[in-house]
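Should a chain be cited, it is by its letter among A, B and C, assigned in written order, with residues numbered from 1 in that chain.
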Amino acid sequence: MTTEVLLLSSILKIVFVLVVTVGAFAPVLIWAERRQSAMIQDRLGPSRAAIVLPPSAVAFIDKARLPMWRGFALTGIVAIVALVAVTWVAVRGTNPLPIPTATLTKALIGFGAASVLLRIGYGVHGMIVRNQGKVMVLGLLHPLADALKFIFKEDFVPPKSDKFLFAAGPIIALIPAIAAFAVIPFASTLHLDHWNQVLPRTGEVAGTIIPMQVASLDVGILFIFAVASTGIIGAAISGYASDNKFSLLGGIRAASQMVSYEVVLGLTLVPAFMVYRSLRLEDMAMWQHEHSWGIFNPLLALGFIMFFTAAIAETKRVPFDLPEGESELVGGYLTEYSGMKFGMFFMGEFVEVVALGAIAAILFFGAWDVPFLYRDGFDFRLPFMASGIVVPLAHWIVIAIQVLFFLLKIVVFIWFQLMIRWSLPRFRYDQLMKLCWKGLLPLSLLNILLMGVFILSGVLDKYVGLLDRL
Amino acid sequence: MITDRITSFLGVAPLLLLVAVGLSIMLIDAFSKDRSGLALTTAMSLFAAAAISGAIAVRGDLVAPAQITRYLAVDQLGLFFDVVICAGAGLSALLAGGYLKEHGLERGEFYVLLIFTAFGAMVLARAVDLLSIFLGLETMSLGAYALVAYRRTSARAVEGAVKYFLLGSFAAAILLFGSALLYGATGHTDLAGIRDAVGSGAADPVLTILALVMILVSLAFKVGAVPFHMWVPDSYEGAVTPVTTFMSVAVKAAAFAVLVRVLAGAFGDEVSMDLFTGWTPVIVILAVVTMAWGNLAALAQSSVKRMLAYSSVAHAGYVLVGLAATYELGPTAVSAVLYYVAAYTVSNVLAFGSLVLMGSKGKEAVSYEDLAGAGRRHPAAAAPFVVGVLSLLGMPPTAGFFGKYYVFSAAVQAGMTWLAVLGVLASAVGAYYYLKVIVYLFMREPAEDAPIAVPMRSYYVAAALLLSGYYVLRMGVTPGRYLDFAISAATTFLG
Amino acid sequence: MTGAGATLFVVTAIFAIIGALITVAARRPLRAAMGLLVHIVSLAGMFLTLNAHLLAALQLLVYAGAIVVLFVFVIMLIGPEAETGPIEGRLVSRSTAGALTLAVFLVVATSVGGFDAAWIAVDADFGTVEGLGLAIYRNALVPFELISITLLVAIIGAIAIARSPTE
């Protein structure tokens, strides 16, 4: 592989990661969370930030609506016809039609997607017209307004504070969260030389191989833990540097909570390492692609529940938001922060939420693995079927579907976290510590022990083999 | 098949037994409120470990997988120290069973800490790799720090523990630094490899000497040799008496074991031991200073506990005399050291145990005044004290006599008659404060309004005193068996 | 060591020294802790130049993530006011300590400076998770288990001292 390709692909991957996490997920998350809180409290919520279009543009949009509706109807009909044909072929087993099955499937997917997009466009255009040219995009512009506000707001620094540490705190808190994405694989490896060919399902493929992650480290997930562990210091020193009792207490709470749950966080994942026999995230994804998702293993499912609990505690969000519990500590270690420094904490928290979703998806839900999708395309084959419906796909399409599915899984986990945030009341501090040291810690140790017994007694192999046959 | 596997671990069986017992006691203590059996369980398992070690040594089942023997020696020397340490710890556990109950201090952690500290001491005594030396030392020291601070409502205990902890941490750091330099100089962490490198001259001489100095400093600290003894009186006085007993016997024995392993083992070649350029003159100076200062400082004490602390410093000096003779005599000198450590263990348990016996709830005997007249009122309770101090003094027919005899005769045979004479003189100084105990016990009456010592009634303490008293006399009357064990340990180690 | 490795080494070495100096010289305890953090992160970078990725990750995890946090935690609990004045000490003891340190430094420096050893090729699994795992759990199992006992003793000891007297 030439150095240029390597360099270029690395830069592209870093840009992709930054765009996905900081650029897309984090603002959307901010929006989603505020939106959700507005819904719960029956407020209007963050929906009023808008770009106002000139009347001429509105008139143009109004005119474009009819063609869009027609396009929607036409493509929709074609898609339905294709669907019927595909189903018929699938049930019949052979294809007597002049059009090959693959073309039919492609038509179904292509026209179906086009019709959905056109219908959405029709609706959106109608909304713009009804709002007299105010484009609000469901309030998605609000995070943008928020960011502008953060940048232009006065950057207040408490006069007696430790200025250097005060400024360093948010940076130390934000960087580890983003750095965690360095080892997260977004798809299986990309074979650059054969990007538009259908690859064989198994076996080695010659040519340039680009792993779909920024850095493939031998230590894998330990890297995430390592950088995440330095994030604790960010919260702790900003609490100290604020020269404020509430901040200090918040910082102490943050440090003790995160240190405690970090132990559990690592231990809950050990059974997963034992099953996948690797610390590399891409190996874990590949194992699950070849066998079955981790969550179908009962012990790993238990591990997942504990991991998710500990991880939410690690992000310091409700119900574990004691470090910034506003009813007791004003804002905890965030009290004195304003402007972009506060924004960085905010951002860091949301990037952590995304990272957590990504890690949970990789470790327990097959990462980029899509059911029935193999390297050569889809093969819908259920256990009772003699042969499946094979849809060969070009390599780049397979990779794209994997990336999309992975992002979808992340979204699901983010949604799950938001649901938890708005559903559960805050813990008391002693309950928090009891849950960690007397609940999760012994249980996770027991889980490791049980997994060891299963592996050594061969039960695990049998179980995995059973799942493989399905 | 499976029995083969089990027997292949026989050489480290005492260690495994102690770990198992320690963990079980933790569990028992966590789930049960009843603590009455803990002392007995602890003592019994320690004695069992001692018995197993003795049996292995006699039968010669010195087997263990190579992965273990790389770090922990399975040899007669290690087993000898196993017996000494386990016996000392077991007797201390018996004392604790009486003492802690009498003074309302009984908690489960004590016995767990005692067992694991003894475990650390045994690891240290068997360590043949710088890594295991450090780990054994730290396990032992961490446990000992916590044991000294065990009675934490007492300011003296906390003071002693803090001093011990701070200085001990420095000593550990210095040991670590020395180990790093030694590894840099020789390229080995195992003592055998270091011995080869040093003996063949492959090692960098300057770095080696620097490393040896640092290791010596930290081990002299653990032994309590002057001028690294500052922590001894305070932490011995602050600790509860059973802990003091334990530290003065088991911890010290382990420190001497590793001193023997490092000096006579790793640095046992001609050049390193040389009378002028090797480590021998350093040990001689340490021995002289330690004997002199330990005895003189013990003279000035008004507290018996503190006096016994300084006396333990002085005894470290006598042992160092034996060690200094190694360059000439080899195994004979080492066996004298071993015998002395064993004799000192039982004698010291007897002395400290008697001190424990002399106090009861609210009236702990600490100073000479506390003992005044107790001997006449309670002669049975005072008798072990008399035997104990006489043995520490080195009077026949007690174990202490033969201990001193072997050590000093080793010095004479090694051509250091003057050192032996100095040792005898120092012992003569010691006679003053040891006999003072007997004088107070039998020939003084307590002051008018002073409280009168009431001995505690405890089967545990009585058992400890009977056992240690029996061995003090046994080793004083028929030392042959124990000396043979020491000689075989020393010969197999050096031969 | 050439190219990127050498550059990384020089950079991390400079940062490590700066961090160490801050640790020793900073008047405010928390800044000293931050200096330690810089030092530790630089050391992790140095491990990377030695191809010891796992060790680098563990260095961050254990030292930056646990030990420095613990320091920060203790400093915050004791309070930001706990700043020390200049160290008291007699001239004699200070100069003796200084001279000894200098002497040790010189001895080590001259010995290491004259050191001449061949480069040894490392195994393929050097520094990897598998390599370290085998080293710890197969070759050095005894020290590993001993460390677990050491830590256990430390925990029991800490609890024994810190437990409330009423229990």
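Quick notes on this structure:
Criterion: contacts are C-beta pairs under 8 Å (C-beta built on N, C-alpha and C of every residue); 3 or more make two chains touch, one makes a residue touch a chain.
Quick caveat, the model's predicted, so the values are computed rather than measured.
Shown here, the protein chains touch in a chain-like sequence that does not close on itself. In this view the innermost chain, defined by its CA centroid being closest to the centroid of all protein CA atoms, is C. Between subunit B and subunit C, the centres computed from C-alpha atoms are 33 Å apart.
Subunit A and subunit B have CA centres that are 61 Å apart. Measuring from the averaged C-alpha position of subunit A to that of subunit C gives a distance of 36 Å. Residue positions of subunit A touching 2 or more other chains: none. Contacts from subunit A toward subunit C in the complex involve residues 162, 164-165, 168, 217-219, 222-223, 225-230, 232-233, 236-237, 239-241, 243, 248, 251-252, 255-256, 258-259, 262, 279. By the touch criterion stated above, subunit C contacts subunit B in their complex at residues 104, 107-108, 110-112, 115, 138-143, 146-147, 149-150, 152-154, 156-161, 163, 165.
Residue ranges on subunit B touching subunit C, taken from their complex, read 19, 26, 67-68, 70-72, 107, 109-110, 112-113, 116-117, 119-120, 123, 129, 131-132, 135-136, 138-139, 142-143, 145-147, 149-150, 152-153, 161, 181, 184-185, 204, 206-207, 210.
Taken together, the subunit C residues at the contact with subunit A in this complex read 28, 30-31, 34, 37, 41, 44, 53-54, 56-61, 64-66, 68-70, 72-73, 75-77, 80, 127-129.
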